Structure formats: structure tokens, C-alpha cells
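Working notes for the structure below.
Naming follows writing order (A, B, C and D), and every chain is counted from residue 1.
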Amino acid sequence: MIQSVAFIGLGAMGYRMAAHLPQHFDTVYVWNRNFAKAEQHAAEYATQAVELEQAVQADVIFSCLPTSQDVENLLDGLSLKAGSIWVDCTSGVPDSAKKVAAQLKAQQVDFLDAPVSGQTIGAEKGTLTVMVGGDAQAFEKALPAMQAFGQLIKHVGEPGAGFAVKAINNMLMAVNLCAVAEGFTTLKAHGVNLNEALDCINASSGKSAVTEMVLPQRILNRAFPLTFALPLLAKDTGIALDLVRDAKLSAPVLGLAQSLIQAANATAEPDSDFSSAVKMYEAWSKITIE
Amino acid sequence: MIQSVAFIGLGAMGYRMAAHLPQHFDTVYVWNRNFAKAEQHAAEYATQAVELEQAVQADVIFSCLPTSQDVENLLDGLSLKAGSIWVDCTSGVPDSAKKVAAQLKAQQVDFLDAPVSGQTIGAEKGTLTVMVGGDAQAFEKALPAMQAFGQLIKHVGEPGAGFAVKAINNMLMAVNLCAVAEGFTTLKAHGVNLNEALDCINASSGKSAVTEMVLPQRILNRAFPLTFALPLLAKDTGIALDLVRDAKLSAPVLGLAQSLIQAANATAEPDSDFSSAVKMYEAWSKITIE
Amino acid sequence: MIQSVAFIGLGAMGYRMAAHLPQHFDTVYVWNRNFAKAEQHAAEYATQAVELEQAVQADVIFSCLPTSQDVENLLDGLSLKAGSIWVDCTSGVPDSAKKVAAQLKAQQVDFLDAPVSGQTIGAEKGTLTVMVGGDAQAFEKALPAMQAFGQLIKHVGEPGAGFAVKAINNMLMAVNLCAVAEGFTTLKAHGVNLNEALDCINASSGKSAVTEMVLPQRILNRAFPLTFALPLLAKDTGIALDLVRDAKLSAPVLGLAQSLIQAANATAEPDSDFSSAVKMYEAWSKITIE
Amino acid sequence: MIQSVAFIGLGAMGYRMAAHLPQHFDTVYVWNRNFAKAEQHAAEYATQAVELEQAVQADVIFSCLPTSQDVENLLDGLSLKAGSIWVDCTSGVPDSAKKVAAQLKAQQVDFLDAPVSGQTIGAEKGTLTVMVGGDAQAFEKALPAMQAFGQLIKHVGEPGAGFAVKAINNMLMAVNLCAVAEGFTTLKAHGVNLNEALDCINASSGKSAVTEMVLPQRILNRAFPLTFALPLLAKDTGIALDLVRDAKLSAPVLGLAQSLIQAANATAEPDSDFSSAVKMYEAWSKITIE
């Protein structure tokens, strides 16, 4: 029975995710490196902004940081409460999850890697998808807490499995981003009406989240709103490729997409949304996808 | 005002598409190289099985053949009626559409390249997507006839534009087929539960028609039902790549997917469904996607 | 027995190739679109600058133009002498060679596609490699004329075979150009001394004409001298890829190299040497190969 | 001043490399896991087959094992002599070299990663190329010992740099192996004479160690002699790709070649020479490169 929960890392996602917790739990601690953000959250949502040492005494501790390295750094030297569960919503590295899960196990703490998808809108509405790796019993115990912000919550395997699914998901999106950029510059070069073509493809076998959402909402309208930074997508595709390498598999398309996203990132303007990756293709073809 | 229509090529798609026409038009001719099929259609749907020379005297003539070459061969030497419209639903070659459109124009006949998507189930229900290239006025005139079997019907550009959109659509599907095979063998190598992972991805940015339909309906259940042959997908990716080459563009992901589908096709068993392309990856990884 | 020869197209290669002919033949016609160049050649090497119509009455006519299209345009409407041999040293398109060979055969003229390699230095010294496609007897008859500037002269097959070998040769070079750029930026990122590494590789299994010549003579010294323009390499890789497509083969590495050279060309400065393709990789990696 | 040397690992390369040492040093220890091989070496070349503990008391200790992991396992628990130099000729992992070099430094022992190229014939003749990473002074001190079997011996950088150069060298070879297989199946599909084409390419810009040696000596003659196993090439390309990943670079061609060699290895017969990788392409194209 969960009495207290904590949320560490109040970024664009975490801030909104933590906002749902007070509706379900009496004691909700929040903490953020820039502590003013924690205090703002406490004021806005009736959570408690506390010291990190106190926050991590909760029954369930959520973290949502930029990288697994940030989580490892944070954990380094922290003393946790036996029996508690750490639920890491970072889009992290599977090997790190395995290592941290083993370390926390020694302190009788369970670690779940539980990255989320659904963007800020999903965080706000509490309709996120949560893909969870780690101990099955810990998953069951932490489930009520994850339900505060998650709609589809799946236990996908051992420690690291959650991170793996997230990395492959984002890699598939990256592949589509490249392929759609290539396909739509080609169509435009042949004088095809892109909006009509898109309608057809979205009713056909070539559709993807990129054609259904990214292309109309970010690219064709030339908005490229910064909600998921291109360097983070480059990082995620790298995590996915490391999974391929670790398993000694052959994944030519994923490997190529990773190279291309990396190249697009290297030549992008600062603070570029992931959708800006198509601009590399536009520079190559002198064709604007609009 | 369309008085008569004809349908040439009563294959798996054409047979079902032509079945809707009698509900909208008094005179519906059908023709098929294996003429018994035309007679069977006439008996089943009250169409008229007639000689090719008579069929092509209709106001609107549909064709649905394996390749553009088949259409060109069929047209060779045929005398058409001035003012009629030829609507070719083959998944064909844009350059062929341009050539044929110009030839028929000399006979005062309009040619529309109008490939369809939606599979046999869509043909049966009359809910196909039709992507149409060619003269805009001819499109408007032929629209009522296409509405007999089509739900979303779009004029996407000049002659060849319809074929181009279909080729790029199928190429995007091919890219996803490869990427999903690579991603899911990787996940399985890391011990991830594929069904749970799939649920998560289908609620996230990595989803595509392949993850939503092909993977659960054809691959994970090991069914691989032959409804769209792998050699035809190989052909379509080739058409798409030729569009890239013609426009002198750079499309590394599409090019790689074409190579891989080609390789998968070369090493596949006869009569393989397109979804069997993943078996090449299974041979490489010794991992079965199930 | 060859009595007269002609050389059409006095560019950087042709000017030097034609200079060897007077040592072997009494009658040597030269022609160039910019005719002043022909007159200069006549003054310098005792050749005869004549009208195109007269030049093509020679027993053996060489051409060396930018593209096969230029050769076809030139031939259009020209009246040739029965029994003569046209030897085209352009880096051309195999399909064009087949077509032109068939056309000239009707005029009882043989056509040999005979592209050369060895650069301007080889043209000057008369040590070029000549790869020849076409009729075997015509090859034997034209051989003495080709020996004026060629050292290794090989009959590689039917019409188009010479162009095919040249295209594949240049494609292999393009592949190495990309791979070396990728490999050497990687080595530099890891602090390796590039010059010492190059010495080792040039004594090992990773060596190629790119590591032995292009890298030290054009890239590491940052010279990038314009002797073979990047757009021409892009064209040649396109010809090679069309050969792959025509044969319905799967060539993922060649396809990718073509895409990358195309992309490098699209983003290069005007008048870039082919070796400048590595600058795309330098922009991606922020690493200079020096 | 080197008084004693040792050679550990008497495989196909090591056995021949160690054979040169008695001509230069009075005390030459040899050791091999299968000790009979060490005794055979001692009988044949007047070296001393001794216990591992004694062997590693030499001034310079060479090792030549299948993988870096084997070297680490061997070193685990060994007590070395301060002031000695360990020269590892394994084709190993740069990160392992860094780690081991740091560990041995604590015992006042220098570690040089010094992989070799030149095959068994070069080992026999003492004409190997040695690419060396590690401390510059240690390199100078160990140089006389390496000269026993090496001809071109280069200090290429810090610990790991030698392994890095070897990995990139083998990767470049792998890229050429793939590209040549693609190019030559394409040429054969177009009826080109492969032997004549090869002569032309070997005199031109497309040449490489693969066209000059591997293709004529192993592939065109259908010999595929097992001297360098395909799994080892797959391993080396993996090491190269890890270098790319570590540096966060974009190397699409290297990544693709790694995938393809991995795939070729996964589908190859047991005990395949690296040159057998072309058989994957032959299966794809139904064309034999001969």
C-alpha cells in the first residue's frame, strides 16, 4: 500500500506528470535541481517541495531526467528506504537500468525503468503510455502510482526492457522521419500535390505516426515547434543502435537512420525540434516540404 | 454524363471493384484475358462479358493489370472512342502513364492513372483509396465512376502522379517492414515481450501501418497469408527508386530498403506474401518474430 | 589499315590524347566546338583542324565529350563513311552505347565505347587504360589507333561494356572516398596520427586508390585541385546505379554511396573537385581530415 | 637494452612471428595454452618453452591471441616484472588497451597495442606492418624486438590507437569486399568479361587491396582458402563501428558494411574465409563471381 510518492525532475514532462499525483496520494514530495521549480509546483498543485534526502524516503520515487547518467549521478551516495520502489521515467539506457537495478536490489529497493510516450499533451491529460522493465511484483506494487499519469501501462520485461522499447520506438519514428523526407521531396520533384498525396498515404499502408502527425503538424506548416529536441532523438537512436550492437545483430536500416539523424543533428541550428531533421534533405534536394 | 463503363482485368482486386459498378450504371462491360472469369462475373453481378473491342467503347474504361507493360500491350492496336476516359488502376510506372496519356490524347481519349489501396477487403466494401494523376477535368468527369468502389479519391497531379504516390506509399511500407523486422528481432534478443512492446509502440510515435496491421495480422501469428506478393512489392520499390533517380535526388533510406526487399525477394520461397520479407532478418538473427 | 584518324572533343583529356596521334598516322583531323582550340592543337601538334563533316570521314574517329547525350547530339544528322570505326572515349551511358552502336551499324559503321582512365597525366604520357565495349573485330582494327594514347587496352564485352566498367570503377572509387572519410574522421576523433595510420593502411588490406593517391595528394594537404569535377563523379555513380537497377540486383553499398555523393555534390561549392566530397563528412563531424 | 623476450600465443600468426626472435635475442621464451605447440616451436626454432609465469618475466612480452578478452583473462592474476613492456599483437579492442595499459602502469609495466597486418606470408618473411599505440618511450624501447618480424612499424598514438587503426583498416577492406561483390555481379549481369574488367579497374581509380588480391586470389578462382575467418572480420568491423559510436560520429557506409558482413557471417557455412562474404551477394543475384 503506497502511502507516499515523490517526483524528481520537474521538466516539461515531469512537471505535468507530477501534477496528477496529489489526486491519488496524501503525501507527494517533489524535488528539482532548480528548486524554485519545485516550490512553484508545490504552490500550484499542493505538493511538498522538500530536500532530496527527504523526497527519496517515499514509498514510490519517480525520476524523469534527461539521461541515465543524470539518474546515476543523482543516486550516487543517496540512502534509500528498504522496500521502496524507484520508477525511472527517463528515456534511458538499458545497460544502466540493469546496473542500477542490481545496485538498488542490494539496498532492498526495486528499480523499474518506465519511460513514457505521449508528449506534454499526454502528460497533462494523464494519458501517457508507460513501458516498464524490471521485477514483475514491483511493477504490480507501483502500478497504482503510474496510473496517476498513464493510460496504457505495460510490463515489457526484465530491467532495461522498458528503456529498450522506448529506444526502438523512437528509432522507428526516426526511420519514418527520414523515409518521409525522402519520399515527399521525391513526390514534389515530380510535381505531385503533397497535401493530397498525404491524405492518400494516411489512408494506406505507407502511413505512420510521422505521416499522421509529424508531417502535417510540424513540417508541412513549417512550424517545427521545439517540443522534443533533435539532440535527444539522436541520443535515442544511438541507444537503439547500441542494443543492436550488443546483440550482434544486423540492422542496416536502423543503422543508416541513426547515421542520418546524427548528421542532421550535427548540421542543424541550435534548439531544433526533431522534425527539423528533414531540413538536411531539403538542403540536399533544394526542395521545401510544404 | 457517363452512360457505360467497362472493367478490364478481373483479378483479386478488379473482380471485386467491378462488382460495384452495376449499382450505379446501366451498361457495365467486363473483360478478362481468361474469359471464363468475365463470364463468371457477368453471371454473379449482372455485368456484360463482351469482346475487348466492344468493352473499350464504354464512356469510362477501367483497367487493373499486373504492370504498366501489360496495359501498354493491351492498348497496342486498340481503337478507342473519342471523348472516353481510360482509368488505369494498375500499380504502374509514372513514365508509362505520361507516355500513354500523350498517345491517347491524340485519339481524344483521356488517360488517368488511378491506382488504389485498401486491399481486397476495401475492394469488396467499396472503401478503396484512389490516387489519381492526369487531366483535372477528366478526373471530375470520371469521379462518379470511381466513387463506385472508392471512398477517398484524390487528384494528386499530372499524368503519372497517381502512380508516383502509390509507389512512394508502398516504399514507405517497405521501409517500415525492414525497420520493424530489425527493431523487433533486437527487442526479442534482449528478452523483451514482443506483444506488450507492440501495444506500447502502437500507442506511440513509432507506430505505422506495419506495426498496427502487418505485424499482428501476418507476422507475429506466423500466418503470412499471400494477398500481396513479395515480387510485386519489390517491383513497386523499384518504381519508387526510379522516381528518385529521375529527379536526381538523394534518398539513402529508400535506396537501402529497395535493396533489402530485393534481396529478401531473391531468397524467398515461391508465392511469398510481402510480409515474408522479415524472414530474411530472421535467418540473419536466428530469431523468430513471434 | 588505318589511313586517317580524327579526334573530336579537345578538353583536358582529349587535347592531350590527340597529341599522340600524329606520331602514328599521316592524316589526323581534330575538331572542337570552340574551334580556336582545334586550331591551337593543329599549330602545336601538326594535326589538321577541319570542319566536323570532313573530320568524320576519317577511318577511325575518336570522340571525348562530357556525356553520352553530347555524343548523340553530335551524331544526329551526321553522314559517316561506311567501314569506319567510331571510338567514343566519353565516360558514357551503356544504354546509349547500345543504341548508337545499332544505329551506326545500319550505316556500316562500327561503334566502340572506349572510356579511359589515368587522368590528364596519363593522357599526356600516353599511358591511359582503355576499357572497350563493342564488336571484337572492330576492336582489333581500331587497336593501333588506341595504342597511340593507351597502355592497357582491353576488350571487355559487347556494346556498352566499356562504359559499364568505367562506371563501376568510378563507383568503387566513390565508395572508398566515403568510407575513407568516415574512417579517418573516426581515427582523428580518437586521437590517432592520420599520416602514420595512412602509412600502415597503405601497407595493409584496407588500401585503395583513394588511400594511396586521393587522400595524400588532394585531401590531407587540403589542396582539392579541380581535375575531376564532383558533379561528374555524381553522374558516374548514377550510371552505375542504373546498371544495378536494370539488372534488378541488390547493391546496398553502391546505392548508399551514390546517395552520399549526390548529397555531397548538392551541398558543395561550385567547381569542387570530386575529393571535396569529404567536406560533407567534415561538416557532420566538425573534424578536418588533415 | 632488451635481454630476453617472450611470445605468448602461437597461432597461425604468432608461431611464425616468434620464429624470427632467436636471430636477434639470446633468451626467447614461448608459451601456448596447448603447450605441445610451444614445445614444437622450441624444437624447431631453438626457443625455450616455459611456464607462463616464467615467460612473463622477459623484458619484452609479446601476445597474439584471438581477442582482447583472451588477453585480459590471461593477464588476470599474473605478476609482471617492473620495467618490462607488454606488446599485444592481437587485433583487439581500443577500450581494452586503455584499461590494460592503465592497470599495467600501476605495476610499472608498459603496454603497447601492436596489431599486425600482412597475413601468414608476411609473418613468415618478417615483413609485417605493425601499428602501435601506447607510450612513445616504450615504443622506442620495444622497437628492436618488433623489428624481428615487422618491416613497417609505426607509432600511431596513445593506448588503443594501434587497435583503432587495425579495426578501421579491416573495415575499409570489408567495405571493398561488399562493394566489389555488388559491382562485379552487376558487371556480369551485363555480360562484361570480369577478368578483363578487373585488369582495367586495377589500373584505375577503383582499385583496392580487394580488387588487387582478394578477388583474383580467393574469389574469381573459387578457392576461398580459410586464412582469415569471416567471424573475425565480423568482429573487427564491430570494433570499428564501436569507435564510430563512441565518438558520436555519422558513418553510414561503415555502418552498412558492418551490417552486411554480420549478415553474411550469420548465413555462411562454418569455417568460412572472410572472402566468402561475397556468397551472400551471389545468393541474392543468382550470379557467380567467376
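Quick note on the criterion: a contact is a pair of C-beta atoms (placed from the backbone, for glycine too) under 8 Å apart; a residue touches a chain by one contact, two chains touch by 3 or more.
Keep in mind that what you see is a predicted model, and the values were worked out from it rather than measured.
Here the chain-to-chain distance from chain A to chain D, counted in touching steps, is 1.
Rounded to a multiple of 5, the Cα-based rotation taking chain A onto chain B is 180 degrees.
Two copies of one sequence, chain C and chain D, touch each other mainly through matching residues, since over half of the numbers at the interface are common to both. Averaging C-alpha coordinates per chain places the centre of chain C 36 Å away from that of chain D. Centre-to-centre separation of chain B and chain D, using mean CA positions: 51 Å.
Averaging C-alpha coordinates per chain places the centre of chain B 41 Å away from that of chain C. Residue positions 249-252, 256, 260, 262-263, 266, 284-285 of chain D each touch two or more of the other chains.
Chain contact topology: the protein chains form a complete graph, every chain touching every other one. Contact residues of chain C toward chain B in the complex are 238, 241-242, 245, 248-252, 255-256, 258-260, 262-263, 266. Put simply, chain D touches chain C in their complex at residues 94, 117-118, 129, 131, 133, 151-152, 154-158, 160-161, 164-165, 168-173, 175-176, 178-180, 182-187, 189-193, 196-197, 199-201, 203-211, 213-214, 240, 243-244, 246-247, 249-254, 256-257, 260, 281, 284-285, 287. Within the complex formed with chain C, the residues of chain A that make contact are 252, 256, 262-263, 266-267, 283-286.
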